[in-house]
């Protein structure tokens, strides 16, 4: 099943055209890694695919909603605990009970930190709070902007497993990362270098 | 002189202080209760009614001691804060932390009893008199220290922050009080007089003095008890505390 | 493409979550409820210190003073109402939710209003009495503050939503809010003054109620639209 | 271990850099500069609305009104004086600099004062004239506001430094600094009132000058100490 | 030459003891990578080594000052341009002229972005602004908390070169990273797992 299709997308930011003629169609069961140097426009493309950017975006984008989008900024409030943060997530897509949320936090190795303000957790732990949402959502299309950032080895392995599980259940994932590819057999690459406007 | 330094040094050691304060509280408690009982009985039942205000004046036996001790309390707190910052004695942190809520409560008591008293005597709960206003400001100063301490998660940092605040406050307090006095005298005096013209009669004064003494002791005791509670919490895993609690 | 069928949050529940999220962030502990109260208390104290302690003069100024404090509180709050949501990416997530952005934003606005305007209105009789406002004005004062701070918060939310992404030149947009705030202040002080003088304040209160109702209908839409624009710049 | 010998920034240059950094960041977000002014403007227009347009009464209260409003404006500004520095890690870097933290912080405070208090003092005659303050008070008003807002900003900096690391501490700041601001308010209104009445305001101005000088000596130390504590919590 | 020595350091945060008995001495010419799972206390240790944390830190730490410390938070103002940010860096350790700063920005591939507000740069570009400081400081001891985060391949290579150059000129670097080690022959590892208090 096609979950996202983008045709001839071009992106402009701050009077400068970044990308031109990007074509992409993502079917369920696929993992796409968006590649490219710093500043080439990966995050801008992801925002456009999620439907957050309209000004400066041309071309046609159709997507299967609801989707899950995880940006550089994790949408997590430092003053709230992990439990509260997930319970009242601003995307309003988590319908799980507190017990289920606590289980998800357990899964990302945050057992025991459920009630501590997120602001006093370590960088990787904060990232894990944001990622725990992956276990609680039922969105089929995931757009993840550098999800492996700040995670330790075990955390990266967990995320890899999580993504593999999601696509094998019929979902699809588009993610950006500067690290070497992890999903060799599943994965398809979208190298933005070839669409960049110099 | 050396004896005094040795004493101060000992005061800074939690195990010694814990024992010392325990003995002190054991002695203070009966004396305070006795003074409070005597003052209350004398003031509320024995002393004659005021010829103009009748029995309503008897609230001074709470109002005045509370006000007097609340003012003195800030200096206790400020001195503790200064010691904590300058000589970095941890016990001073504990003392400052212990004084603030007691002072705040006493100030609040003075304000509330004053307001209750003001309604029958002045016909208003509140007037903007210099002394009353400065009492209100004192309440804010106390509450600031309490709130700042509560707001910090790290209690060592909290104590240091409160010490900085009280120190800045101490430098400012004389200025604040003077300025409020000037503020009042700059404008026309209010039509209401704060203190009665008649000098207070001895039969009313002595019980008041007893009550003031009792409130001082009450303040000291509350502070010591607060400090001991804080020490118990801080050193809940310490060896000396375990030992002491097992023994007693 | 069509949306998948799933058991989803009702609109009201989504509003409630947003309200809770922000409410919790605002006042997760008791100190945080006490803080706005103390703030009002202290600001009210400043006026007699500045204007002199004459009771008659103070009483005549009381409505104006209380309204200024309400305005200040709403201004302080709305200055950063959506700022932290914008910075930490929450706003993007709200925009992606399947519920209208305006409803979610209204949840936050409601939490803000409860913590400031509503609270101020409820405790305002204490301050009014300290300033010597005649007691026949108290009821109208509370009512007008309730309605008025609702308007102020909603207007502030629109302004905040418009300016949240702007790094340079927020001046122009802030200027747009002022003309909207002035009627609230005029109606509010007029209502209280009339009541104190023993006249019927209902005209002013009705006007204010109408303003609040209009704002309640209009402002969420404006906030939603403004937030989308801000996200997209 | 000893410090390496190298051509380093003079203390004054370091102060200047901090000043520029913050001044630029402030100017870049014009709202921060505009908001106190706008607030000032709104409140000053509100008072005639709230008090009735009697010019004599207004004129007699003008010093008090202007001073209270100046104090509130400075409160709004100091609420976030070091907040962004704390969040983005700048404060840690300042603490590691080889120059005293208090001097660097003073650079920021100076930028803040110029952008708000000083600006306010300079434009205050316009507002004073709107309220009908007799013209013989204008000079003293500007002078007292210049000195007074300096005190207010310095006190605000201490409060801001103490509360910057507190996650839920928005209004706590006002609780800490308003009581300390009382003398400034009283001296300021007294000076202007005396001048308006044709008497000599120099006692009050001297007091205020002394206060400002004392603050200038004391506050940077307190700010430095408080910032270190905040960083360490 | 010894640039940092820490003996029997223990670290406590939020009433919880994280690390105990950490010993470390760093001489010029050395590169140390601090290893450990998310939340083990790497960043806390770096802060303590830099002298930023006192409460809750026990043991003796001596360091050669001035040092350069780069935290998770980059100390960069979004409203200012890269040039302004480096010119008035809060650590006040950059005495270079604007022309030299522009050269450093060129070296981190930010030529052309000198005057754009940093807030509108991409995540990796913002990181590069912070890293440009490495070219402008004369501190001998560098403490870098996850410096490779958000950098693309070329950026990581550049940073590797930069660190190599620094240590060969007599400096020393302590850094944290979850990525595989890059300095195999130079590098020494400090695995915090063995000092963690469970």
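Brief remarks on what is shown
Letters A, B, C, D and E name the chains as they come in the text, with residue numbers starting at 1 for each one.
The rule is short, and it goes like this: a residue touches a chain if its C-beta (ideal position, glycine included) is under 8 Å from a C-beta of that chain, and two chains touch if they have at least 3 such contacts.
Keep in mind it's a predicted model, so treat the numbers as computed, not measured.
Steps from chain C to chain D, taking the shortest chain of touch contacts, total 1. Taking the mean Cα position of each chain as its centre, A sits at the greatest distance from chain B.
Averaging C-alpha coordinates per chain and comparing to chain D, the farthest chain turns out to be A. A count of contacting C-beta pairs for B-C and for D-E identifies D-E as the more extensively joined pair.
Chain E has its Cα centroid 44 Å from the Cα centroid of chain C.
Averaged C-alpha coordinates give centres for chain B and chain D that are 32 Å from one another. Averaged C-alpha coordinates give centres for chain B and chain E that are 49 Å from one another. Centroids of chain A and chain B (each the mean of its C-alpha atoms) stand 57 Å apart.
The residues of chain E that reach two or more other chains are 14, 55, 72, 78-79, 117, listed in rising order.
The multi-chain contact residues of chain B, meaning those touching 2 or more other chains, are 137, 140, 143, 147, 151, 153-154, 157, 180, 183, 186.
Counting only residues that touch two or more partner chains, chain C has 28, 31, 35, 38, 42, 45, 49, 52, 167-168.
Against chain D, in their complex, chain B makes its touches with residues 85, 137, 140-141, 143-144, 147-148, 151-154, 157-158, 160-161, 164-165, 167-169, 171-172, 175-176, 178-180, 182-183, 186.
Residues 3, 47, 50-55, 62-67, 69, 71-80, 84, 87-93, 95, 138, 140 of chain A touch chain C in their complex.
Every residue of chain C that touches chain D in the complex is listed here, in rising order: 27-29, 31-32, 35-36, 38-39, 42-43, 45-47, 49-52, 57, 60-61, 63-65, 67-68, 71-72, 75-76, 79-80, 163, 166-171, 174-175, 178, 181-182, 185-186, 189, 193. Chain D makes touch with chain A in their complex at residues 167-168.
The residues of chain A lying in touch with chain E in their complex are 13-14, 36-39, 42-43, 72, 109, 116, 120-125, 127-128, 146, 149-156, 178-179.
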